[in-house]
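Quick one: this structure, given as structure tokens, is what I'll be asking you about.
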């Protein structure tokens, strides 16, 4: 096991623990090492079953969020006064992904403005909130199926727009592939994209932007 | 050569001449037969070069539209008083496809309302025209890249919405494949889709709707 | 939770509840809101297990159809005298999708003519019913595998033809992808297509057509 | 250069010369060797430009068919009294592929019944010829786009049905890929398939059947 | 339920019962109808669990083969004296598909020569049996992964070669997609292909050939 | 023609003129309108041939860059003192895309640090420049083929990393599709991605970040 | 059952038992035959459940490794003094594949140097071990997601580099497809690739190299 | 321009010049730098037209091979006494790729044994040469379409087998994609694969093996 403990110094982000494909034993061992070195850790994609298979002593120390399958170990940063990131979702099924982004930002002390159910099929829901959304320097947009939302948002707000295609949908939605392609082909200029369902990655991209703006 | 001269009687539409993959000689022979039997014909995908290779006598009798590569041979129906089909395009490059739809409808005597450049990146352009668009029982929406326009339109108008994905774009746009998938995965209920760049097919679908409503 | 309660006024269709990716708690909350506001609701893709996880009081008020995984909450419109939509299926396995379409139409008060097992491998079955089918202004055709049925039907009937590719089949059938592509490439003019297994979407498209014809 | 001169003895078919990817020099050299050894040869995919680049002496000895880009060198077998293979096409653009099959069969002394323009959008054209088609032990069906024809034919005739998907069409037709998949997923039992546009392969498959039946 | 009881008369094959996507109730009802009309039936893809859910009285009348998930109901034809079809498999995992082909042929009274484990990685195994295989007018070749076996066999035997790509393998094997494409691109002339794992279809294709040769 | 002249006010970016799919006449007309309204314009994907087809009077007023096929019309902003965006390329063939990004930034008055030929096959080339690159708040990385460079850079620098997959390469590179997928699946946290060859989009994303940081 | 017992003599490798798609009975029968003939055998992809279904007497004789699902039956060769193969992994989840390679090599008496967790997001971890890795004539690199590691390694070491794409990851990672394509498009010259997760195949490739170098 | 002049020292291979996507000016500049530093260079994918656009003085110094589009600048190593690499091709059209491999090996002083036209459709051609092929420690196999040749060769020879899928073929061959997948899914153990048409990469892989065996 070789952890990248120097990552924070290099890029301003900790190595987090991506739990898919790791056994409970491997996760425990990594957490032990990380907390010894850094005092805290962020876990993603920790499903409830795998959580239950962790040693109880460890489990009790975790701040676990079942809606996003994320957990914090150890102290987290205090939320700053005003949210600089808005996290938008097109539909109810996109929530888990949005929560993963919000929790990752929370781990680093950033509050977020979460706005749900504003898919373009009922456009007025977005239009009512546009002024509020425009105030954030970074906007994360989670959308599945045809992913029309990032394009519409990208045409309305001046800040950084990070699209997270979600795997919501069936048939041609193809596990998020269509949403991904639509977001990348967006007709709005300057929309960037991360992997399907990758709320964590979108949050890290936001952090890279905010960390530098802070300097 | 076996033409489907009974098609009009069966489904209310003539057999048209799709010119891709046919030699000028084959096109001439088909036109001869069609005009003998029906007095008129619609040609699609007739590129200027192939047009030039047709016998001059025939060429002179064609009403050719270079923007859509369509041609009429013989008399066409008179336009009815009020357009029942709106044809929308997201960008300038979608025009050729929209024109193919409009010309096909014109061949059958239907006027159309053509509204261009209303892609969702500048949403106000669509919003200014929504009331006008809503008045049409059938709306054809041509859009490439992320094809967000059919979803937004589908959420705003009550009539039939037929999406035509266009092959505009590069990279992930993949010759219209992404627009096609996005339109099929549309979050707006009841949007239907035809093949990429198939303005002719969208017009035929509109005609099927209008023909029956007329009875 | 932001419901699109104004959708009926805008496009003549209620927001329905697509149950995939939603928890029983989320579904219950949405239903509560919808019935308060609209008095009724349509649920799709509600599998029997999730149905069983809903509160009993709510469950008892649902009119649930296990063959299509749809449910009605509250009063539905009375069926009109004569069906205007025919729903055709190629094989027994396409029935669930056809039922989703028929149930959606029933929710809005439309009776349907359902005709099953008329795949083109035994063409006489379709030919015996063609005259009956032709009398409907809208024909929904559900077919999987090679989806040859929409093309044959499209060449025989004058009304609107809406193809629903189904995920029936294995190997190259690829979960409906081949049926989808074949339907989009149909050699019959004016056939439109919705997403794989999307009986609900086909019904909404039919409603858009019928609603406007009614005016 | 190592020719498979023993192929006829092993499998009843000569090695033919597939001209794509070969220079005129390579083709000339192969033909020299083949005629020395076997007295005759079949060439496929010989486009007119490459034909023109062959040495004139050689060119004069070729029986070239511009519609199928095939050529015979040397004596061919005499046609037998009655055709045992029917070659059907859905549309005019499928002709070149059908001709490649017919020419390959002709090289081996088999006459064919060619029936064109019987695509399923105008079903009566096929129905009028069914009795005639049924009399052939082998039926080759060339069809592009949605390739519904092989399924319909497979449900109507008792003999071997070999589908040749053609690259006719645009958009989702994807160079014949959709026709290929649809033919493989055919709902008619026992339809077999060869590569896109592979009229030559279909003819060879027919020959394998006929050669054995002859014994 | 509309069965195609006239299929035998048209194409020499009964309608068989493909059990995927059908409920035990639907299967029972179909069998009742088929046996009333035809006295016998062939079932494919009947997994042991669904078999167990059929009514016991029906189950007892079935001749079920667990290795191929096929069943016969009622009398089957007597096997003819000498097998005319050889069924080859590349590896042990291809057996189930080969058995489906052999059982389908048995239903129609045809014995088969089954030869297993002759994948090209150990070429001598095939070479030792080539003379025996060559004596059959039809050779069915089941192979997964790279499907090299049909090409090698196609270069060695004169009869009809029908390739059945199997879903054996992982990674790039992609559920049989690679085997399918490789078989279609075979360098041996006249190899035909059916859908992935479609042993039933290959047998039907063989029957089409043998039925006509018999006349 | 409906231009989005209010875009600058909404999102801080002008509508630029994407020249693919537009005729020289359409481009001239758009430029006329844009310069009347805004005094300046940015053109992308203007190939030399289309440039040559523009009216000479217009052409003379364009500041054209043949390496990136971009042009400026009218005054551009003055470059600011220090570059805030580094534009990296893996190989010589990625230059055109990098130049499109740099030119777009220049249009808005931003200087860039361009560093070429630092593909990971010769890692020392990147390592020698890491300290310099780290000083930029935004890093655009253009890479084709396996697109390993964005991952390595993402693990070394703290600022925003925007990957632009390029269409460099052949075979599995598939016109940039592999680079695109690799960049999206990057093991480095927080790398965002734009469409293949979309240097313009990457620059717009950078501008969204810088515009907000400036406030 | 026809085993390839002559394989060792031909190519220096035993036929191993790939357990996917084989029943416990088939595996037992094959092992019986193999041990009679060769005294030993290697099993791959033997999951714990299938292991449990083997006869106990057989199970007790197996040297089973649960991390790689491999088993040895009978004597294995003694490890040689110094490892000639380094097996590298990008992340913890790639271990199972790496172990399959190491176990296959162990079966043939080769020790390996296993180095884990050296993904390029934390490049220093690789750089610290480069000198050690360079000493091996063969380097196997297991990496999923973007598979940037084989490219970086290929640019740093002179020996044979065999990339094994792993199915680690989600979304665009597509079960290893992206890693596979990225490895094949590697910008480092002379990197070769095997199937996704195919640790066994990589080890066999290494053995082919080492066996010949030994002579 | 930053050349990787230290590559030979690191990995035993020079940086070569891949000419696709580079202008004649860029190629000239790179060659100037390379010859100053190293005295020699290898160019790949230099098509005749681009060759003609190079300055004449430079062109005269190139040893150009039109069949493989490769060129040497400066002295090349003397061929060693006996070829250690066999380069096999399935058909005539695979020659260009095989030549690229042979030329790359020649640049480094390695002679090769080239054996053409041994595709598996005529298996005897391969069997006659097997003993000769087996004597080489490295065998490069170029094959398109179904790429059955690498599997058959992999089952017959003990040395390293490197498959190069070629883009030969049409339809499902898909520019080499099917050959690539078939080679990766090879049933013969230990076959490795490089990118489509990448003769250069196969040669580099061979060099990595031979360089280390030499020590």
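Going by the order they are written in, the chains are A, B, C, D, E, F, G and H; count residues from 1 in each one.
FYI, a residue touches a chain if its C-beta (ideal position, glycine included) is under 8 Å from a C-beta of that chain, and two chains touch if they have at least 3 such contacts.
If you're wondering where the values come from, they're calculated on a predicted model, not measured in any experiment.
Asks: Among all other chains, pick the one whose mean CA position is farthest from the mean CA position of subunit E.
Replies: F
Asks: Matching over half of the contact pairs by residue number, can you pick out the copy of the A-G interface from A-C, A-F or D-E?
Replies: Answer for A-G: the repeating interface is A-C.
Asks: Would you kindly tell me how far, in whole Å, the mean C-alpha position of subunit F lies from that of subunit E?
Replies: 56
Asks: When the C-alpha atoms of subunit E and subunit G are each averaged to a single point, how far apart are the two points in Å?
Replies: 35
Asks: Take the average of all CA coordinates in subunit G, do the same for subunit H, and state the distance between these two points in whole angstrom.
Replies: Here subunit G and subunit H have centroids separated by 26 Å.
Asks: Tell me, which residues of subunit B touch at least two other chains?
Replies: In subunit B, 7, 121-122, 154-156, 171-173, 177, 180, 184-185, 188-189, 195 touch at least two other chains.
Asks: Between which chains is there touch?
Replies: In this structure, the chains touch in these pairs: A-B, A-C, A-F, A-G, B-C, B-D, B-F, C-D, C-E, D-E, D-H, E-G, E-H, F-G, F-H, G-H.
Asks: Show which residues of subunit E lie in contact with subunit C when the two form their complex.
Replies: 1-4, 6-7, 15, 20-22, 26, 30, 165, 167, 175-176, 180, 195-198
Asks: Considering the complex alone, what residue numbers of subunit E touch subunit G?
Replies: Residues of subunit E touching subunit G: 92-93, 116-118, 121-122, 124-125, 168, 170-173.
Asks: Which residues, counting only subunit D, touch subunit C once they are in their complex?
Replies: It comes out as residues 90-91, 119-123, 145-148, 151-152, 154-156, 169, 171-174, 177-179, 181-189.
Asks: For the complex, which residues does subunit G have touching subunit H?
Replies: Result: residues 7, 10-13, 16, 137-138, 154-162, 180, 184-185, 188-195, 200-201, 203-209, 211-213 of subunit G touch subunit H.
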